[in-house]
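We call the chains A, B, C and D, going by the order they appear; numbering starts again at 1 in every chain.
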Amino acid sequence: MIIANLPALQVVVPLVAAPLCAIFRAGHRPWRITLAASWAAFACAVALMRRVLDEGTVSYMLGGWEAPLGIEYRIDTLNAFVLLVVTGVGAVIVPYAKRSVESEIQPDRRGWFYTMFLLCLAGLLGVTITGDAFNIFVFLEISSLSSYVLIALGRDRRALVASYQYLIMGTIGATFIVIGIGLLWTMTGTLNLADLASRVRTMEGAPSVLSALAFLTVGISLKLALFPLHLWLPNAYASAPSTASAFLAGTATKVAIYLFFRFFFTVFGGENFVSKTPIPEMFLVLSLCAMFVAATVAVFQEDVKRMLAYSSVAQIGYITLGISLGTQTALAGSIVHLLNHAIMKAGLFLLVGCMVFRVRGFRVEDLAGIGHRMPLTMGAFTLLGLSMLGVPGTVGFVSKWYLGVAAADLGQWWLVGFIMLSSLITMLYMGRIVEVAYFRVPSGAAATATEAPAGLLVPGLVLAGASLWFGLDTSFSLGLANRAAAALVAGVF
Amino acid sequence: MTGVTSESIVLFVNTALLLLMCAAALGVVRLRNLFAVVMLGGVYSFLMASLMVALDAVDVGMTETAVGAGISVVLMLSVLGLTKTREAAPRHRPLVALVVSAVVAVSLLYASGDLPPFGDPAAPAHQHVAPEYLARAPVETGAPNIVTAVLASYRGYDTLGETAVILTGGIGVLVLLLGARRRRGGVRQGGAGESPEGTGAPMLRDTVILRVGAKILLPFILLFALYVQFHGDFGPGGGFQAGVAAATGVVLYALVFGVASAQRVAPVRVVLVMVPLGVLIYAGTGLAGMLAGGNYLDYSVLAHDPVHGQHWGIFAVESGVFVTVSGTMLAIFYAFAGRRQAREEEGAGR
Amino acid sequence: MNVVLAHLNAYVAVFLMVTGLFTVVNRGNLIKKLVGLSIFQTSVYLLYLSPGKIIGGTAPIIADRYEIYSNPLPHVLILTAIVVGVATLALGLALVVRIQEAYGSIEEDDVHRQSAPGEARQGGANGGEAP
Amino acid sequence: MSPDDILEIASGACLVLGAAFVVIGALGLLRFPDLFARVHAASLIDTLGIGFLALGMGLHAGWSQVSLKLGFIVALVGLTSPVATHALAQAALHAGERPVLRSDRRDEGPLP
C-alpha cells in the first residue's frame, strides 16, 4: 500500500507533520516531528526514484479520479531528481536546525518555525511532483507564504523589509503564473500538464498561447530571481535565519527552475515553440548578465550572507544558460547544476551559520583568522568555495564542463571563454573570504572561537563531502541528468 | 423570457458593473486618505462579488463578499489603527511603473484578440473537462452543486492545498504579531497572559443600541454559518464561506463587547488548536481513503456505496475547511487586536 | 454582439491589472501597495470567470428546470485564488505592522533611508550595491 | 387581464419604485452638505429602496422559498441598517463632526 501511494505520501507526510508541529509546540517535539517527516520524505524520494528508474513515468490519480478531471501526480526522471535534491537538502538541514533555531529564534515561536519549514518543504515538493497546472500555483503559494514568514523571523528589522519586498515580488510572480495558466485554460479547457501539452502544440503561434508563455516566463523568472528580477533575493537570503537561508538557497530557486523545464520543454515543446520565440536569446543575454553583474556585485559585499546570496543569482545564470542553449548536453549540464548548486550553496550557508554562531558577526572582517580557530568549518568552506570555482574533482567542475561542452558543440567558443571568465570573478569573492579567514590575525570574538557544536558542523561537512563525492563519481548525478534531459528534448512526459 | 432579452440584460449588468469597478479602482489609486482607500476597496470587492453572481459564480461571489468586503476591510482597518492613515505624496517618478504596466497591458490585449467572445457556448473551455463534470458529478458524488463536488472531490487536493495556505497565512500572522513584545500582557497564546484590565475595552464606541443590535444578530449569523456549511452540497456555500461567517460573528461580538469577552466565548487556546486541526481533519480524511484501499483523498472507498462514501468524504473535508478557516480568521483578528491593546497599554504606561 | 462588448471583460481585467500593478510599483506607502496588489490579484478573477460564463446559462447547481450551466471549473479555481489572496494580504499587513513598529513609518522611502546607515552599526555593512 | 398579469405589473411597479428610491438616496448622498444629512439619505436606500425591490421580486416569485429568503434579507437589512447608521453618526459626532445648520450656511451665502 505504501509503495502504491508513494507519490501522495511524498507531499502528505510533511503536510501532515506541519499542523502537528503547530499543535505540539512545546519543547523539542516540533524538531523531532520535523526530523522524522523530512527523513521520511527523503526516503519517499529515494523509493520514488527507484520506481521511476524501474517502471518509467509514474502516474498517480489523487482522489481516484482519472486525469483531466482529477489532479494527477506525474513523476518522470526530472521530477524525481528534483524531489531527491529538495528532500536531500531538507534532510541534511533539519539536524542543523536544532541548535541553530535555539540560538536564533525565540522559544515561543520555535514550534511555528518548524511548522513553516515543513509547509515550505511540502509546498516545494508539491510544485515539483504535480502534473496539474493550477495545483502548481496552490503549492507554490504554500511554499512562498511560508518562506516569507521564515525570512521575517530573521536577525534584525531589515528582515521584515526583505520579507515584505519578497512578498510583493513573489505575489506578482505567482499572479503572472496564474494569468498564464488561465490563458492556457481558456484556450484548451484543461489544466492537466500532459493534456495541455498535447493541445497547446497544435496551436502554434496563437497570440493567446504566446502571451501565456510570456506571462509564465516572467512569473517564473520573478520566483527564481533571474537577473533583472533578482532584487528581492539578496535581502531575503541575507537576513533570514541560518537554517532558512540554507534551505531556501538550496531548494526554492531550484524548484522554480524546474518549472521552466516543465513548461518550456514539456508543455510548449521546446523545439517547436519556445525556440521560435526570442526567449532563448533573451535568456542567453540575461544569464550572462547574471553571471557577471551579480558576481561582480558579490565581490563588493561586506556581509558574508549577502555575498553568498548574490553568488546564488550568478549561479542561477549558469542554469538558465543551459536552458537557453537548449541542446541535450546543455540541459543535462543545467539539471546537474541544480543538484550541484543546491549542495554547494546550502553547504556554504550552513558553514557560515556555524561561524556566525561563534563570532556573532556577519561581516567579512568578523571572520578574520577564523581558519585557525575553526579549521574544520573553514576547511569545508574552502572546499565548497573551490567547487564554486569549478576546480576539477568537485561538483562545480562537472556542470561547468557540461555547459562548456554544449557551447563548444554549438560552435560558440566565446561562451566557453565567458564561462571561464566568470569563474575568475567567483574566485575573487570566494578568495576574499578565504584570504581573510587564513591570513589575518584573529580579532574580537574570532580570537576565542572554537569549532561549532557537532550538530551544527556535521551537516555542513556532509554537504562538503557530497560535493567531493558527486564531483568524483558522476555516474549517479550525470546519468540521471542525461536521462532527464533526453526526455525533455524529446518532449515526453 | 426570450434569448435576446436575456442576453441584453446579462450584457447590460455586466457592463455596468465593470465600469463601476473601473471607477472604484481609479479612486483607490488616486485617493491618499487610507481610510477612504480601504472603504473604497470594500466597495470594489462588493462590486466584484456582484459581478461574480452575474457571471453565475455564486459560490465565488459569496466568498468574495465575505473575504474582500468583510475580512479584508476589518484587517485593513485594524492595521490603519496601528499605523497611520495618510499616504505621503509619491516621490517616485512613475516612469518604471508606467513601462511595466504598459508592457503587461499590451501583451494581454494582444492575447485578448484571440480569446473567445464573452458568453460563447462554443468556446474551447466549455468543450473539454467541464461538460464531464456537469454530467458526472451529480451521479458520482450525489451533490447537485457542481462547484462543491469539484472543489471537495474531483479537485479536492487543490482544496487541501488551499486549507494549507490558510494555515500558513494564519500561523505567519501569529508568528509575526504574537509574543514579539515579551513584556506586554494583552492577548497571549495559551490564554495565560490575558490581563483582566485593558483587554475589556470594546473597539467600537460603547452604546446600548449597538449591543442590543449585535445580540439580536449574533444567533442568526451563527445559524447562517451552519446553514451555509451543511447546505453547501445543494446550494452555494461550503466550509470556507461558513468558516468566515462564523468568525465574523465572533469578530462582531469582539468589536462591540470587547476582545476579552469574545475570548471567553472562543478562547485563544482553542482557536490556536483549531487552526492546524482543520488541516489534519482534511489530510486525515485523505489518509483514511488510502487505508481503505483507495488512492489518497478517494472517498468512494469510505462506505459500501461509492456515492455514500463521497458524501461522507465531502462532509468530512468541508468540516476540516470550516475548522481551519474559522480558527484562522479569529486568530488573525485576535493577533491584530492584541497588538492594538499592547500599544495602548504601552501608551498608558508612559 | 459587437467587438467591444464581446471582449469588454478582458479589457476591464487588463485595466484593473494595470491599475493594480501601477499602484504596487509606483506608490511608496506599504499599505497602499498591498491594496494595489489586491486589485492586481482580483483582476485575475475576472480573467478566469468571464470565459466561464455562458449566455443563457445558469449557476452550476443542477436542477430540473435548467439545461445550460456555466462552467464550474473556474469557480473552483477562483475560490482557491481568493483564499490565497486573503492569506497573502493578512501576512502582508502583519509585516506592515511590524515594520511600523521597527521603523516608525510605513513609507518605503523612510524605511530604506533608515536601513542604509543603520546597517553598518548593526554589523552587516552594505557595500556598493544597487538600490 | 389575468391575476398573473396584475401580479407582474405590480411587481414591475414595485421594482421601478424601489430603483427610484435607490437613485434618490444616491443623489442625496452626493448632494447633501454634511455627513449626518448624507447618512439620512443613505438610509432611504436601505429601507424604502430595498423594501420595494424585495417586494417586487417577491411578487414575481410568488409564495416560494425565494420569497422567504427575500423576507429574511429585508429583516436583516431592517435590523442592521439603523444600527450601522447609528454607529456611524455616533462615531462621527465623537470624532468632532458637527451638523451643518442653516444658521451656519447663511454666512456662506444663500442656499443653492
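Quick notes on this one:
Throughout what follows, contacts are C-beta pairs under 8 Å (C-beta built on N, C-alpha and C of every residue); 3 or more make two chains touch, one makes a residue touch a chain.
Computed from a prediction, not measured in an experiment: that's the story for all the values here.
The chains other than chain C, kept in their positions, stay connected through touching as one piece.
For this structure, the chains sharing the highest number of C-beta contacts are B-C. When every chain is reduced to the mean of its CA atoms, the largest separation from chain B belongs to A.
Innermost chain of the displayed assembly, by C-alpha centre distance to the whole-protein C-alpha centre, is C. Rounded to a whole number, the gap between the C-alpha centres of chain B and chain C is 14 angstrom.
Centres computed as Cα averages put chain A at a distance of 58 Å from chain D. Measuring from the averaged C-alpha position of chain A to that of chain C gives a distance of 26 Å. If you average the CA atoms of chain A and of chain B, the two centres end up 32 Å from each other. Residue positions of chain A touching 2 or more other chains, listed in rising order: 134, 138, 141, 145, 148-149, 152, 179, 183, 185-186, 191. The multi-chain contact residues of chain D, meaning those touching 2 or more other chains, do not exist; every residue touches at most one other chain. Multi-chain contact residues of chain C, defined as those touching 2 or more other chains: 17, 21, 51, 73-74, 77, 80, 84, 87-88, 91, 95-96, 98. Arrangement of the chains shown, judged by which pairs touch: an irregular graph that fits none of the line, ring, star or complete shapes. According to the touch criterion at the top of this document, the contacting chain pairs are A-B, A-C, B-C, B-D. Across the complex, chain A meets chain B through its residues 1, 5, 8-9, 12, 15-16, 18-20, 22-23, 60-65, 68-71, 106, 108-109, 112-113, 115-116, 119, 122-123, 126, 132, 134-135, 138-139, 141-142, 145-146, 148-149, 152-153, 179, 183, 185-191, 199, 206-208, 210-212, 214-215. Taken together, the chain A residues at the contact with chain C in this complex read 134, 137-138, 141, 145, 148-149, 152, 156-158, 160-161, 163-164, 167-168, 171-172, 174-175, 178-179, 182-183, 185-186, 191, 231, 234, 238, 297, 300-303, 305-306, 361-363, 366. For chain C in complex with chain B, the residues that touch the partner chain are 1, 5-23, 25-29, 31-32, 35-36, 38-39, 42, 45-46, 49-63, 68-80, 82-91, 93-98, 100, 106-107, 109.
The touching residues of chain B, counted against chain C in their complex, run 3, 6-7, 10-11, 14-15, 18-19, 21-22, 25-26, 28-29, 34, 37-38, 41, 44-45, 48, 51-52, 55-60, 63-64, 67-68, 71-72, 75-76, 79-80, 82-84, 87-88, 90-92, 94, 96-98, 100-102, 104-105, 108-109, 112-113, 115-121, 123, 125-126, 129-130, 133-134, 137-138, 144-147, 150-151, 155, 158-159, 161-162, 165-166, 168-170, 172-173, 176-177, 180, 234-236, 240, 332, 335-336, 339. Partner chain A is touched in their complex by these residues of chain B: 107-108, 110-116, 123-130, 132-133, 136, 153-158, 160-162, 164-165, 167-169, 171-172, 174-176, 178-179, 182, 189, 272-273, 275-277, 279-280, 283-284, 286-287, 289-291, 293-301.
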